[in-house]
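Next come two complexes built around subunit A: one with subunit B, the other with subunit C.
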Partner chain A sequence: MSNRIPRIDQQVFRLFYRELLIEFRAKEQLTTMVIFALTTIIIFQFSFEMRTGNVKVLVPGVLWISVFFASMLSLNRSFSRDQEENASRGIVSAPIDPLSIYISKVLTTTVFLCALEVILVPIINVLLNSPILYIDLIPVLLVGNIGVSATGAIVAVTVANTKSRETLLPVILLPLLLPVLLGCITATGAIIDGQPINKYVHWVHIVAIYDIIFTFASGLMFHFAIEN
Partner chain B sequence: MNKSSDGERSIGIGVNRFTIFGLVTFILVLIATYMSLVVAPLEAVQGVHQKIFYIHVPLAFIAYASITVVLIASIAFLTTKNPKWDRLARISAEIGILSTTIVLFSGSLWGRPVWGAWWSWSDARLVTTLVMWLIYMGYLMLRSLGGSNNQTAKVSSIIGILGFINVPITYFSVYLWTYLHPLPTLQSSTERPESSILMPFLWSFLAYSAVIILIGIVRIKIEKSSDELETLKKQNQIG
Partner chain C sequence: MILCKNLSKEYDGIPAVNGANIKIQKGELVALLGNNGAGKTTLLNMLAGIVKPSSGSIHFDSPALPGPEIPTNRARIGLVSEHSFLTPELTIKENLSFYASLFYRSRGQYDIASVMDEYGLTSRQNQKISTLSRGWKQRTSIARAMLGQPEYILLDEPENGIDQTTRGILGQSLFSETAHRSLVFATHNIDLAIDWCSKAIVLDNGNLIHEINNLSNESKTTIMQALDSK
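Let's look at the complex of A and B:
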């Protein structure tokens, strides 16, 4: 049997496959995310309909806030599950690059958020009676999901060993994600309003630059977060 | 108060040096207050409300400088594992939060009579300063809830570094988005600023920097003593 240590791309693939396999068997994270996001949308609908009578203007905010809060559930669950089953100790002890752990977590969260949005966007289209199914929305959703995942993964692992990780994660993560929130909501609103691409593409660029910076910085520092 | 032969009190603060520095700071604050309230002329449009800038602007610089110290100390701690850098990062974050709180508060006091509103969400610099405050409050909460151990110090350093990435956005938001905030007179004017405005700003900057340094020195000494006490406790438990 070969004792060769897998390359980093192989490590990423195996860890990513592990995450997907666990979710496929347990069907826990994605289901919870969808139900939670759906509940959030319904609450927003009732809350704002009473005051504005026109919830359509709030659709970009409703979409992204639901996605953000659902991502908290996913990130918390992803790291706490590893800790509960002592899998985190095994992963850290294995001869694998911590960067591959980080990349696999980011990929997993991004995939889960994309899956959530595949379900959520048509539901918003129906429930809020607001056209939102535009192909131009895909790049906005993608850069937003990557930003949430890249920053969320590093913050989730930093709070994983604290007393109140469920409380600390949103407290620390949401301010860091505000540039992503601003950019994605603005771009989504511009797409829904039918504005030309030059009116919102710079927001996509800003979020993409944020993604690059935070992915790079988080990848560099991830091994400090998981080492004992 | 009796002093030991080396002039240090039992908690490690040099009374003579510290007292002198405290007195100098007090005098600087008096001078800065006089310069800004009496010597500095009334601004033509904003009137007396503009005077709050002599607190607001120096503390804004101090807030950004504190966050920069958090970044440098966090990087230094991650690379050297020396606890003195962690201590410096922790204290700088506290000072940054204090300064940012005063900046936000004084900015609102200025905004109410000049803008007609306590707050403006369309002003990018205001919003990102608030975001910076939130990030470093989260940093301090992480420190508080994570316990005083090496792992908390490491993960706090990571958050301190990531939080700093927000600081350039705060500073350059003046140039990235449209906003209501006035252009900084000292930087953007094509004319040389009058000495009647510049000197009060410089005195205020000097005075409030001294105040912050004084607070920092006291905090460092307290934290150092606290860390030494923890080490002694652990040694006694092991022994």
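Let's look at the complex of A and C:
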């Protein structure tokens, strides 16, 4: 029997593939994330144009605020959808490790956030008229996305069965993600200002350490969270 | 064989199942009867490995062996509920392929086409679950549960909201050829339990209050008296 059931890497891949297939069919998560983020950027663009002379200093905040709130939409939908026909119960009853469910959710949200940023960063570049298209930004975006996804997945599964999950998710998640957001905003600002890598790399390291700790701890706690 | 030893589950200090000792032999068809809140679903969830017991243990095959907490044993379980466990955005074929991929390591180990054929789903294989009626969803759900060729079939009120035809398929596919399978059927429907099962366990407020072997029409009065007396 043990030779019959899939290995954990196969479980992760198959769960991840399901998430992508659902998105390909429904076009819900990525579409709403992009629309929400674009609307936010446009509102900021109008308000900055009227009030601020130097938009450049505000760009890192605008980028990460948009990414954070767009991720809420993705995380909420990803877990609430599995409640509709109680698919989450069906998946948990299958012979798989709950850790593979967690990793697949983190992977999906990270991929969606990366896709969002591929669209968003050039648009910020144009709309806010601030050069932001730097290769050095990629590792910052990546560690930030993993941090948001890893922390978001454990909080989203915990609140998934509550009536006020849409409200609870950002309220709980924002304080938890403050180190990630502060680190990423500071590093992004330094990159836009053209500072050398040694001036901001410690922020990337801090966020990466946060990612490792939270991913490990959340992975251990996930089966308790999913049971409830 | 499924063996439950002093099995209990509490939610916020309130017992949902209280010290249940149950033995289900291979080939036995057991009805789990009780009013709302009796603990039927919690007991099934523990048997399926979805919910961890607060105390006590579940063993498969022998008292010395583990139960559904290990994935290889969960591969031996097929769970059907009033919910389909399917993904509405995906088609019947995609849903079955997905679940099969969670039960088997490689594609050569399973055959979706023959499962769909057996449950009459081939003609609708490319239809999305969100567009199906309750009966067709339940039919797909039964096919999903049978993908892993389970030895233990757990049914949580699967007859709710389905028509006579689907109920017939349910009875025929799950309650026939059961010599090598054990089946636990949680239901409110005493008549259906008598038609389909050989043994009944009556629960009330998490306690096992009555056990009837050789279930027959005469057992109905005993069951109703057991339920009414509480």
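The definition used in the following text is that the second predicted complex is superposed on the first by the 222 of 228 C-alpha atoms of A that agree within 3 Å, B and C clash if a C-alpha of one lies under 4 Å from a C-alpha of the other, contacts with A are read in each partner's own complex, and residues count from 1 in each chain.
Criterion: a residue touches a chain if its C-beta (ideal position, glycine included) is under 8 Å from a C-beta of that chain, and two chains touch if they have at least 3 such contacts.
Remember, predicted model here, so these are calculated numbers, not experimental data.
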item: Which superposed partner A:I5 touches (first subunit B, second subunit C, both, neither); value: second
item: Touching partner for A:I22 - first (subunit B), second (subunit C), both, neither; value: second
item: Partner chain in contact with A:L178 - subunit B first, subunit C second, else both or neither; value: first
item: Contacts of A:I96 with subunit B and subunit C, given as first, second, both or neither; value: second
item: Partner chain(s) touched by A:E166 [first = subunit B, second = subunit C, both, neither]; value: neither
item: Which of subunit B and subunit C A:V155 touches, first, second, both or neither; value: first
item: Partner chain in contact with A:R14 - subunit B first, subunit C second, else both or neither; value: second
item: Common ground on subunit A, meaning residues reached by subunit C in one complex and by subunit B in the other; value: 227
item: Residues of subunit B that touch subunit A when the two form their complex; value: 78, 131, 134-135, 137-139, 141-142, 145-147, 151-152, 154-159, 161-163, 165-166, 169
item: Subunit A residues touching subunit C - in the complex, by the definition given at the top; value: 1-7, 10-11, 14-15, 18, 21-22, 25-26, 81-82, 84-87, 89-97, 227
item: Interface residues, subunit A side, partner subunit B - complex; value: 151, 154-155, 157-159, 161-164, 167-168, 171-172, 174-176, 178-179, 213-214, 217-218, 221, 224-225, 227-228
item: Sites on subunit C touched by subunit A in the complex; value: 48-52, 71-77, 79, 81, 83-90, 94, 98-99, 101-105, 109, 128-129, 137, 144, 148
